[in-house]
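Dropping the structures in below, format is structure tokens.
After this come two complexes, each holding chain A, first together with chain B and then together with chain C.
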Partner chain A sequence: MPSVGFGLITAAVLAIAAVGFTLQFAVTNVLNLAFASIMTLAAFVAYWINQTGVSIWIALIASIAAGALISVALNYFVYSPFQRRGSAPITLVIVSLGMALILEFGTSAIVGGISVSYNMSQGSTVKFAGMILTTVQLIIIAISVVVMAGVYALLRYTKLGKAMRATAANRMLARNSGIRASRVIAITWALTGALCGLAGIVFAIDVQSFDPTSTDIFLILILAAVFLGGPGHAYGAMLGALVIGLATEVSAAYIQSDYKYVVAFVILLAMLAVRPTGLLGTRT
Partner chain B sequence: MLDSPGRTAPAAGRPHQSRPYWRLRTVSAVAAISLAAALAACSSNSNSSAPGSGSGATLTFADVAPFSGVDAALGPIYLVSCTGATNAINKAGGILGHKVACTTADTRGEPADAVPAVGNLFSTAKNLELVIGCTSDEAASVVPVINSHHTVMFCMTGQSEFDHVHFQYFYRLVPPDLAESYAMTVIAQNLGYKKIALAFGNDIGSQTFVQPAIAAIAKAGLKLVANETLDLHATTFRSEAQKIVAAHPDAIMTEALGSADPTLLAEIKQLNGGKMIPIIGTSAAISPAFYSACAKAVGAADFAKNFHADNLVTATSGPAYNAFTQSLLAIKGKTSGQIGNFSTYFSAPGAVHLYDGMNLAALAMVAAKSTDVAKWLPWIATIGDGAPGAVTVYSFAQGVAALKKGEKIRYEGPGGPTVFDAFHDSPGIFQIDTYSAKGAVVVSGNITAAQLRAVQP
Partner chain C sequence: MLYLIILLVYTAVDAMACLGLSQQFGVAGVTNFGFIIFQAAGAYVAAVLALPSDTANGGFQTYIGGFSLPFPLPWIGAAVAGGLLALPFTFLVGRRLRGDYAAVGLLVTAVLLNLLVVNYRPLFNGAAGTSLVPAPLQSGMFVGTSNGYQFGFAIGGLILVVAVFWFVRRITESPYGRTLRAMRDNDKVADSLGKNLVALRTGVLVTGGAIAGLSGAILVSFIGVWDPAAWSYAETIVLFTAIIVGGAGNHLGALLGAVLVPVGFEEVTRFISNNNPSLPPNLLPSLQWVAIGLLITIFLWLRPQGVLPERRRVIVPPARDATGARPTRQRPAPEGTEVLKAADVSKDFGGVRAVANVSLSVSKGTLTGLIGPNGAGKSTLLSVLAGTEKVSGGRISYMGQDVTALPAYRRARVGLVRTFQLASEFKRLTVVENLLSAVPGNRGDSFTGALIGRRYWRGDEAAAAARAYQLIESFGLRDKANEYAGNLSGGQRRLVEIMRALMTEPDVLLLDEPMAGVHPELARQIGEALQELCRQGMTILMVEHELAIVDELCDPVIVMADGQVLAQGTMAELRDRSEVVEAYLVG
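And now, the complex of A and B:
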């Protein structure tokens, strides 16, 4: 049972990132491979603030803001100009890959090749149903649940959410229906960037020690969760995160732990072979 | 829910420029870049490491090591040593009138990145006389390349293949990894630990410790209760930590650099009811970056109380130590990547032994009265091992002064005396290091050759 607890905490962090990533992809049409690098940079922003004596829970707000600002800037200065020129989607993928490297190496150049930790307590250890979690990990799970509920409410009950869904479904038709698609896209970059910043800081809190390269493999896990759930489907990303999180940790408990990612990706491949559109995707 | 965006049309924007216009710009840009690259290549090739650099030209020592990636902490340590050593050499008048400067080549700790980085180094560095660094991450792929360029290297790799494969220009002042595995086992014995867990990174440099450690643990009559391989790119190690805690080891032998060990140790502490399990690290753990990351992850006092590492015996006082520390203190804060308690560099193997390597190379050039590698190469062993009647010198400046008087010299730096074997290895002897809660390295004991032999399978 401890591994189920570990899987839940991994899934909680992954879900925040995967939902942000998939919403961004669905609405903006950009498969932003720089997402994980922005997470790291936002985590370092929180670190710098935390080093001045500010509580990490207050620095969390700065991390969210940093994620939003960097994402909006990235779209405004990089992705949008390419999109306006009619660049092919694969071109944008390569551009985003380049941005990921620029951000990672840029962060590395600033902070050096060191691992850092926040000044914070992990809290007491809580044991229940065979699981072992700290109070901080329980807070992370709670944050994740609140974010998932918030995303659900946003998409289902608000005008903005409906406009996002419409823009994702058919941008041209959304425009013709009076939706200001460019504004919706800009807001989406800010919102998903905020989720990216939040994912960055909860990731860093969870792993307890991080460096500029820490999210390298996490990006792969994000992609796995997104594609397992069905690209562009926020609920699918939540489900995908849960499956990937549990699969990696539970498998590590029963087989040699260096195979844990192998197991996760075998599940992904098997799933896509049976259902190419992902768990919640629909054929078009 | 949101639909897949694949069907959406591109956003409308300003009209596209006509294709010929963009093609022309692209072709022009590519041509300009190609021309610039060609000119750069020509200019650098004409100045690259030709034998016997011209009078007064600055010589280059290159730090070939990871500056990014999971082992990114290693390169900056070597750079501190390089900058300190070259600064002291320059203050003493340089090598035969040549100033010396350091350059870097970032291998990212990956052979695939290391080979082009070294290729680029040889095509751009001017008067490249010496390479330092070459860790186990990349040594197997770059040592043959550096050797083929007839460039002397002092490497930090502990890979055992270099114990019996001869490379003319390869030198090593650190022990093979298997000897470190034996040393860690001796530390476990000395401290009375019976049940041992292994937790090593999945990189080449860390995995070379595993099999020798397993064999030594068995020979020593200790019990191996867990053996976890840590994917250095993984984000957490909770499952690995849980397996280790469940095995109830008395101590954990580990080397997993980057954020892997700090994360693992924090998770072990969490799963072990807030109590750390004693750790035995390799000499790579004697570095400011490692201490800083682990101390922050598990608490400085807890880490200091529960940590031991093997390390080669290094001087902690005396003329060699004083010259070494003065050289490093002179460049404190002047190289990138310096962190933590600066005094940790005085014991960090990468700082100590590479400093000695650079001084040996520099003195060899002075003794040979040439920067032509063919002429100064044989002098490395002569000055390191010492010829009969040689006077012992403890710094580059002392060595130059003695050579000017016509004396034979033997260099003995902070890493102690050298004895090169046929494969240019000078492995040294071990001590046991711990940290104070403030990150200063404390020597807590020594390991004798007899103790090492006793656990050697």
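And now, the complex of A and C:
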């Protein structure tokens, strides 16, 4: 049973990132492979603040802000100019890989190749239904649940959420219906960037020790969760994160833990081969 | 070891890899983000074929195989392994999957295969990698060989690069290569013209994989060790950067890119670190990756065509008239028979029923019009008739055969061809090339035909070119014949599309608003040409918005509304029917 606990924590972190990634892709049409690199940089921003003696839970806000800021800047200075010029989707994917390299290894050039940890207490452990969790891990799960509820409320009940869904479904039509699509897209970059920054810091808290390349593999998990649920589907990404999180950690209890990511990989390739629109995706 | 030798061998390895990727990405438009795993597979296979078994090799490393095979078997095995490794991935680049999703799938594969090889030690000795790989025709590693041998090795590597260059060029400059470029520019349209996308992409994945595998063999024979750090997923991005900087679609550009990016970067870094020994060890490699990221982005923005852009291929009209050299397709059906028939055909998109239980038949030699208000399902109906979209229900038969299950390219090959509503010219093919790309049965339009060479296919090519020039002249586009189709006006692009469809010598032609955006005088000319084709036995089903055109050209006319067929008859008859007038003619 302890592996279910690990699975839930991984799923909680993964859900924040996957929902951010998939919403970003749905609304902005950028398959942003630099997402995980932004996560790391945001986590390092929190680390630098944490190093000055500030509590990590306050630094969390800085990490969120950094994620949003970097994402907005990336769109404003790079992705958006390419899109306005009418570049092919694949060109943007290549550009996003270029951005991933710049951010990841830019961070690496600044901090060096060493692993760092936040200055924080893990809190007392709690036993619950055969799972052993620390207070910090419970907080991570709570944050994730609140974020998922928030995303649901945003998409379901707010004007902005509706505008986001409309822009995702058909940008031209949304524009013609009086939605200021470019503004919706800019706000989406800020929002999903904030989710990215949050995912970065909770990832770093969860793994406890991280370096600039730590999120390389995590990107694979994000992609697996996103494609499992169907690219662009927020609720699909939540479901995908839960399945991938549990599948990787629970399988680690039975096979060698080094191979746990293979499960995510097989799921991803199977989805691409059989049902590229994902479990919840029906539209072509 | 001589510095020059190192430089020459690295140049050979990177140039060869770049040629393979240039063929995949630059020519065929297959974005293989996992390219490096093919090089890695070649290197590992060459290593374990050349090494003695691991127990006999000191026992400090484990690997499968260890066959002590003599040169050149390890290198041949490497190329075969690279080609075979491509086969499991062909499902990723098939007909249905978007190119960017396939690229993500390949990227993920590259990351995870690396992880697997690191963790599963029995395969290739895990993170430490296989080492002590002997050099070709030697008992020890490359470092211990004589200067003369090393020089010969470098020259041999470069000769292999020349051979690979000859190979990819021969493919690219053939009708088969033109088909690859057409697929790169618009795969859906290539599919509709009878091109088998899965077979084409499998071809480039396998040949590119084999080339990458061979480059890996040369590399591992040279450095003697091969470990997972040498083939991280990011190495693929370096090769992509080389292709984009050098010029995608131009193999000389790929060679230039190989010298500028992978080789150049290595040398510059080495130079800086040699002169500044006090730098932190992590800084330069990190900055190198940052520079790669910057380089790829800046080039895609400022000079997406690269330093050496793909060159425009000018095709001159053949001197003597070569038409009639090959027999035109038999048109077996007699006048008046039903050549195309839909029975109870439906198409759903999610919950929306775009086409609902449509039954219709089209008779040979007619120019049938298909009209209806926006959103009536006309284009969708055309798509399912041509096979671009699968039906949700019902049957489609063509010439008496059930074709419901046939994919678009197979329907096109038996003479059922469509055009598209949106501009769908192959942008980076010239007008003549657009037309030639559609010609079925060109002997050079296959992998083997392309390899056999120009002498084998130039007869077919000349005949096709003669026919293309005839069409181009009759539609008055002679002075644009060798322009890129993407640079033409909207009306001219529509003409190219119609001419291209005609080059397939279709029996049934499905046209989606062929006159939209075309100058009225030209539209009249197209109309006359279409009528003439029908008189000669062709059958045309045409979606059209302009009622005046339909009135003049089409008989019979089918009216659609809300996904259903509302009425069928001559325009005069339809005008008398109130429901038709209500649904469309007035509203």
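The rule we apply is simple: the second predicted complex is superposed on the first by the 273 of 284 C-alpha atoms of A that agree within 3 Å, B and C clash if a C-alpha of one lies under 4 Å from a C-alpha of the other, contacts with A are read in each partner's own complex, and residues count from 1 in each chain.
In this text, a residue touches a chain if its C-beta (ideal position, glycine included) is under 8 Å from a C-beta of that chain, and two chains touch if they have at least 3 such contacts.
What you are looking at is a predicted structure, and each value in this text was computed from that prediction instead of being measured.
A.B. asks: Putting chain B and chain C onto chain A via the overlay, clash or fit?
C.D. replies: Overlaying the two structures gives a clash between chain B and chain C.
A.B. asks: Once the structures are superposed on A, label A:209 by its partner contacts, choosing first (chain B), second (chain C), both or neither.
C.D. replies: Touch status of A:209: first partner only.
A.B. asks: In the superposed arrangement, which partner chain does A:260 touch: chain B (first), chain C (second), both, or neither?
C.D. replies: Only chain B; A:260 stays clear of chain C.
A.B. asks: Of the partners chain B and chain C, which touch A:48 in the superposed model: first, second, both, neither?
C.D. replies: In the superposition, A:48 touches no partner, neither chain B nor chain C.
A.B. asks: Count the residues of chain A touched by chain B and by chain C, then name the partner with the higher count.
C.D. replies: B
A.B. asks: Looking at the overlay, what does A:98 touch: chain B (first), chain C (second), both, or neither?
C.D. replies: A:98: touches chain C, not chain B.
A.B. asks: Tell me which partner A:57 touches in the superposition: chain B (first), chain C (second), both or neither.
C.D. replies: neither
A.B. asks: Pick one for A:249: touches chain B only (first), chain C only (second), both, or neither.
C.D. replies: Touch status of A:249: first partner only.
A.B. asks: For A:26 in the superposed arrangement: first (chain B), second (chain C), both or neither?
C.D. replies: The first partner, chain B, only.
A.B. asks: A:217 in the overlay: touching chain B, chain C, both, or neither? Say first, second, both or neither.
C.D. replies: It touches chain B and chain C both.
A.B. asks: Applying the touch criterion given at the start, work out whether A:78 contacts chain B, chain C, both or neither, answering first, second, both or neither.
C.D. replies: After superposition on chain A, A:78 lies in contact with chain C alone.
A.B. asks: Looking only at the overlay on chain A, choose which of 44-52, 62-70, 98-106 or 224-232 in chain C hits chain B.
C.D. replies: 224-232
A.B. asks: Intersection of chain A residues contacting chain B with those contacting chain C?
C.D. replies: Dual-contact residues (chain A): 105, 108, 112-113, 216-217, 231, 256, 258, 261, 284.
A.B. asks: Quick check on the complex: what are the chain C residues that touch chain A?
C.D. replies: Those residues of chain C that touch chain A are 31, 33, 91-92, 96-105, 107-109, 111-112, 115-116, 119, 234, 237, 240, 244, 280-283, 285-290, 292-294, 296-297, 300-301, 304, 349-350.
A.B. asks: Which residues of chain A touch chain C in the complex?
C.D. replies: 31, 33, 78, 81-82, 87, 89-91, 93-95, 97-102, 104-106, 108-109, 112-113, 216-217, 220, 223-224, 227, 231, 256, 258-259, 261-262, 265, 268-269, 272-273, 276, 282-284
A.B. asks: Can you name the residues of chain B that touch chain A in the complex?
C.D. replies: The touching residues are 1-11, 13-14, 16-17, 66-76, 202, 228-231, 233-240, 242-243, 258-259, 262-263, 266-267, 270-271, 273-274, 289, 292-293, 296-297, 336-337, 339.
A.B. asks: In the complex, go through chain A and note every residue touching chain B.
C.D. replies: Touching chain B: residues 2-3, 6, 9-10, 22-23, 25-29, 83-86, 105, 108, 112-117, 119, 122, 125, 132, 134, 155, 164-165, 168-172, 181-182, 185, 203, 206-218, 221, 230-236, 249, 252-253, 256-258, 260-261, 277, 280-281, 284 of chain A.
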